[in-house]
Amino acid sequence: MMNDVRNNVVGGLLLFFALACAPALVGERYLLNEMIVFLIWASVAVQWNVLTGHAGVFSLGQMLLFAIGAYTVAMTNTYLGISPWFAMPIGATVAALAAVLIGLACLRLAAAYVALLTFAISYMVYVLIITETECFTTVGGGCQRFFGGTSGFSRIDDLGFRKLLRGDWIVGNYYMILGIFALSFLASIIVIHGRLGLAFRALADSPVYAAARGLDRTKFRIVAFVFSAFFTGLTGAAYAAHFRTAGPSLFDFSTLLFILAMVIVGGLRSTWGPVVGAALMMGMVEIAKDMGEIRNTMIGLVIVLFVVLMPDGIAGLSRRVVSRFRKTNDAKEAS
Amino acid sequence: MTDTNKTTTMPTRRNFLRTAALGGAGSAAMLASLNSAARAQSSEPIVIGAPLPITGAVAADGIEFQRGLEMATAEINELGGILGRPLELVVEDTASGGDDLISSAGQRLVDRSNASVLISGYNLGSNTALPEIAADASLIYMHADTVVRHNELIREDPARYWGSFQYDPAEIYYGIGYLDYIKNLVESGQFTPSNNKIAVITGPIAYSINIANAIRENAAEYGFEVSLYESVQAPISEWGPTLAKLREDPPGFIAVTHFFPQDQAQFMLQFMNNPTPSLIYMQYGASLAAFRDIAGDASEGVLYATVIGALQDEIGLGFSEKYLAAFGDNASVNSGGQTYSALHAYAIAAALAGGAGAAYEEEQNRLIADRLRTLIFRSPMGTMRMDPETQSAFCYPSQTNDPSLGMPHIFSQIQNKNENGYIIAPTPYDVAAFKTPSWMG
Amino acid sequence: MEAIFQIIVSGLTLGAMYALGSVGLALTYGTMRMFNMAHGVFMAIGAYGAFFAADVLGLPILLALLGGIVLGGVVGALLHLLVVRFMLDTKDFEINILVATAGVGILLQDLLLKLFGAYPFRQPVQIEGTVELGGVVIPVQSLAILFVGFTLISAIAWGLTRTSFGLSIRATAMNRDAARLMGVNATATYLQVLIIAGMLAGAAGVMISSISTLSPDMGTNPAIRAFVICVVAGLGSVGGAGITALALGLIEAAVQYYIGARFGLPLMLALVVIVLVRRPAGLFGREEVVRS
Amino acid sequence: MADLLSVRNLCSGYGHIPVLHDVSFSLPREGVSAIIGPNGHGKTTLLRTLSGLNRSWSGQIEFDGAPIPQSVEARARAGLVHVPQGDQLFMDMTVMENLAMGAYARPKGYDLQTGFAEVFDLFPRLAERRQQRVSSLSGGERRMVGIGRGMMAGGKLLMIDEPSLGLAPIVIEQVYDALRKLASTGAAILVVEENPSRIETVAERFFLMDGGKFEWTGDTEALRNSSDIVATYLGG
């Protein structure tokens, strides 16, 4: 078990250093920005995988937790002038607290109901935000609603890199986001391959046996939910700090499905799947953009093909390839 | 308008140039002469980057924005491009999405397509993503988001956002302009309301709310009383409960600032089942052909206004005719005309400034921005003249008394369900007189 | 008094539309534990199908409505034959199918956009005119929606409980292996269920577009509502979905009148959350919830 | 006349773990046969493989003189009726609906009432509960519905998995009485039962399964004479 952690952490560090070198090789702001988006979605996907793949909680409320982190940064900055640097951990904590409440309300239930209840809650919050019409303050003749309404918040204070690095400010943002991704991924490795992951597996394999051993299913599910909410919220906060906005489009159903597709295409229940899935999906969209007209047709088609042909994702496929390779090798050695 | 359509068949090159001159107004001649005076600088095309909502909720408008740009690009190239360099249009889809998608599209145009300018109609989101991209890349960005937020942005940090222009007035002028218009209507004796109450119905989008609030806050000053202020969700198809409220206390005026054409059409259809003696004004949506298609007879009598709509004079009709001939009768002149006008204005400004600038060429782009800031450009939508303080187009008559110095805030009334509404105000752009709607007769 | 009558009319119209949208979704989930994320696009396809039949082919509206419904069924069948069939026995079916059908939705919506553009066409398949009832003027189309909704949903409810075909669907839903042991071809049943759900979506699309407009993404909002209604009703409860949809339509109309139009949907959702937390299997669902 | 069921070298299992090893046997067209043996040694797997719920890895199955069809539903339609372990009823349906499902594969003209009458004759308790949801019945009653549902199919072979599992002794008596009555009609029945003493008086042919193989086969008399063998495998 410790070996598992070590191997994965070493792998993670290699990835981290490779990604850390990227700005030196990639001068283009567009590409760096896309890599930032990749790191953000990869972090959300990694946490989703911990929650759904390992703890068996099928949540559709991940974008709500993400948005809570983002809105915390936006609102504390807009109304109280708090720096995004301070607001990020606050955002993560608020998201975790929200997860405690939501978890207590619905994690006793079976998978499908958890999915729907978390979805209903997040949709309700979304509708309340976008139908808000009373102005909280008026800025230059325009209306600023308390939760930002349909336009959300914008022009959140810069992280300070514009002053420091001038034209290369995006490199500063990149490293900040990379740090958060690394934190989130490292935490997921420790959870998946640690004692908590062991408990999850025990609960998934034999709920009765696990219960007999004194493992409380609901308690572990809530722990997993709050844990992943913290990092999802932190990523959301970083999103707001980078894009300097937070708005209701964070709740877009298409975004939710896009990230879910990353988890599934990469491989549910794996460790590295979501990262690979995120890279793949982002790369695919990038290629599709060059195809102009048929962009969405292609994205839809590729998602369907992946899920139908590779139900356990890329991680599952690579496992099968590796085991076949080992088998043939073993056979060769034996003969 | 339907009559003029018939005359347009297979334009010859001469014909094309003549109508191009009509569409682009005096600008075409100016650009042509600037171009002929100049030696071609290079044959490298100038990339016009267009971050537009081609898919998603507002795709209908996004596609028109693209058409407008395509048409302007073709015309300008026909005239020799900008100082001999042809234009090339590159569109990125913002998918009617939020700032992440919008800024990704914008950044891609800058870095990948080497766009020399960003031009859009409107995008959803916070309306600050593209000004940021433009500021970072020292580019010109022209949009018609029609938001007061743009004005705040420029006022706060003019040094950073020198390149961002809103080529129509902010939405707040709608509210005051509306009150001003109905007051005038009553005072001039064209219309006698049943009472001085206004029912304001708004949707959830900031644009609608800002207009509704402007009406609510200023109504008393103009001698009106807001008797109902209702926010609805979008989309909404069942207006029964809201209409029941209206019918309990029938107001003299109803202002629907929620702007989806299909929702407005449903409102009219359900309203006409049992109408109250109220003059109905609808924001934006009623200006689209879809509104008349869906509402049919119920559309007749409705007032609408726009701060950037095709005029029904020689230039405006010339453009409309050409546009519909190119893209079919369902095409929306008011949307396509926006980006069409913007690109023409940019071309003139760039030609005057000595050529288009690429990304990060701050010096050249600042020259173009200076030209744009002082340009008085007569487009098919009226005169585009920037307020140097907010880099938004001046509004006539709210901000200036001179119609040749501001983008007209035009009021139209649908008097025939088969045609766009007729412009009934302000002078000199009006082509018809206000008619009391049939349900009040 | 007039207002109350108006609220009832509006509420029933809304409810009938919601019901048409949700029953198909409930049926698919109930039978095969599959949430069809392309359900909203199926509605749009039905709506465009009817539009095409009436406007381009010039068919009478009844035939056009039928055309929209049939087209919905065809798309449902294709979804089964090209996608679902291959995924039925995979691990994580419930999650994977969500993503796969979402992909199908993106694909089909884009095709609609390519075929018809984004122009918000008027749905020609509708009946114009009004009738007056107790001082309230009711559009005939509202009555048509109520009629179509009521007829289709009763037909489904009757079919499910009173025919051997319906019995086999319910049996497959409750216990697939046992149903197969009785000689039920589960794969064929799933195909039939997706055809029926597609037809219902098609009908819902025609009805919804008749009182709003056609657009490739017209199904998104109705489908999300349908999703929520299925949850309140209890997953897979078809009759429950119908009743819940009507009730929620009435509540929404009343809230719009008495509290304010913007609170209609949020209050409905709050109700959903309360119902679910208190009655996890939904109002009509039976207890199949794993509680620790 | 050929055997009703003939199985040769059948292998099967779960995942990669083999459970059945080269099982071969055949059943005549009439009479009750029983598979006995300790739990966890493949009895249920054998029935599931016969009915198609488990894939057979290798070997041949012939049913009614022809190779058995592939799918579960086709086997059911061919007359191979499997009453699975743990009843596997349609819990939200009424007793009548469950029974009606049993006759699902029968030709269109079949009158359900005849079937109902036969089942209610055998299990009068079900007649009283006919409109109740199965989920509200007791364990014994559910077992009766399960067997009754199997009877409704009017198949050629009725395979019943552990009819006594989890029931109180008095209910077990009732169930076996019913089986005995059913057997007296001459139907072909295959029963899986852990405890040979329960089935001893009902069946006429016995297969002792251990470790996924038939270790011993014989008739009632042979079973009585081989109590030592049986004891070895069943521990008593």
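As written, the chain order gives the labels A, B, C and D, with residue 1 at the start of each chain.
We take it that a contact is a pair of C-beta atoms (placed from the backbone, for glycine too) under 8 Å apart; a residue touches a chain by one contact, two chains touch by 3 or more.
To keep track of the chains, here are their UniProt names: A = Branched-chain amino acid transport system permease protein; B = Branched-chain amino acid transport system substrate-binding protein; D = Branched-chain amino acid transport system ATP-binding protein.
No experiment lies behind these values; they were computed from the predicted model shown.
K.L.:
When every step has to jump to a touching chain, what is the lowest number of steps that links chain A to chain C?
P.N.:
When the steps are counted carefully, the minimum from chain A to chain C is 1.
K.L.:
Quick check for you: compute each chain's CA centroid and the global CA centroid, then name the chain with the smallest gap between them.
P.N.:
Of all chains shown, the one whose C-alpha centroid lies nearest the global centroid is C.
K.L.:
Contact counts by the stated rule: is the higher one at A-B or C-D?
P.N.:
Counting C-beta pairs in contact for A-B and C-D gives the edge to A-B.
K.L.:
Report the chain whose mean Cα position is at the greatest distance from that of chain D.
P.N.:
B
K.L.:
Please tell me the distance, in whole Å, between the geometric centres of chain C and chain D computed from their C-alpha atoms.
P.N.:
Taking the average C-alpha coordinate of chain C and of chain D, the gap between them is 42 Å.
K.L.:
How many Å are there between the centre of chain A and the centre of chain D, using C-alpha atoms for each centre?
P.N.:
Spacing between the chain centres: roughly 51 Å.
K.L.:
Taking each chain's centre as the mean position of its Cα atoms, how many Å separate chain B from chain C?
P.N.:
Their C-alpha centroids are separated by 37 Å.
K.L.:
Among all residues of chain B, which ones touch two or more of the remaining chains?
P.N.:
In chain B, the residues touching two or more other chains are 55, 204, 231, 233.
K.L.:
Provide the list of chain C residues touching at least two other chains, using ranges where the numbers run on.
P.N.:
110, 113, 262, 265
K.L.:
Let me know each pair of chains that touch one another.
P.N.:
Pairwise, the chains that meet the contact rule are A-B, A-C, B-C, C-D.
K.L.:
Quick check on the complex: what are the chain B residues that touch chain A?
P.N.:
55, 91-93, 95, 97-101, 103-104, 107-108, 110-112, 124-129, 132, 136, 147-149, 151-153, 155, 170, 172, 202, 204-206, 209-210, 212-214, 231, 233
K.L.:
Applying the document's contact rule, which stretches of chain C touch chain A when the two form their complex?
P.N.:
Residue list for chain C touching chain A: 29, 33, 37, 83, 86-87, 90-92, 94-100, 102-111, 113-114, 220, 224, 227-228, 230-231, 235, 262-263, 265-266, 269-270, 272-273, 276-277, 280-281, 288-292.
K.L.:
With touch defined as at the start, can you tell me which chain B residues reach chain C in the complex?
P.N.:
Residue list for chain B touching chain C: 55-57, 59-60, 62-63, 204, 230-233, 235-245, 247-248, 261-263, 265-266, 269-270, 273-274, 288, 290, 293-294, 296, 330.
K.L.:
Inside the complex, what are the residues of chain C that reach chain B?
P.N.:
Going through chain C, the ones touching chain B are 2-3, 6-7, 9-10, 13-14, 110, 113, 117-122, 130, 136-139, 208, 211-213, 215-217, 221, 253-254, 256-257, 260-262, 264-265.
K.L.:
Which residues of chain D touch chain C in the complex?
P.N.:
So the residues of chain D in touch with chain C come to 51-53, 71-73, 76-77, 81-82, 84, 88-93, 97, 100-102, 104-105, 135, 149, 153.
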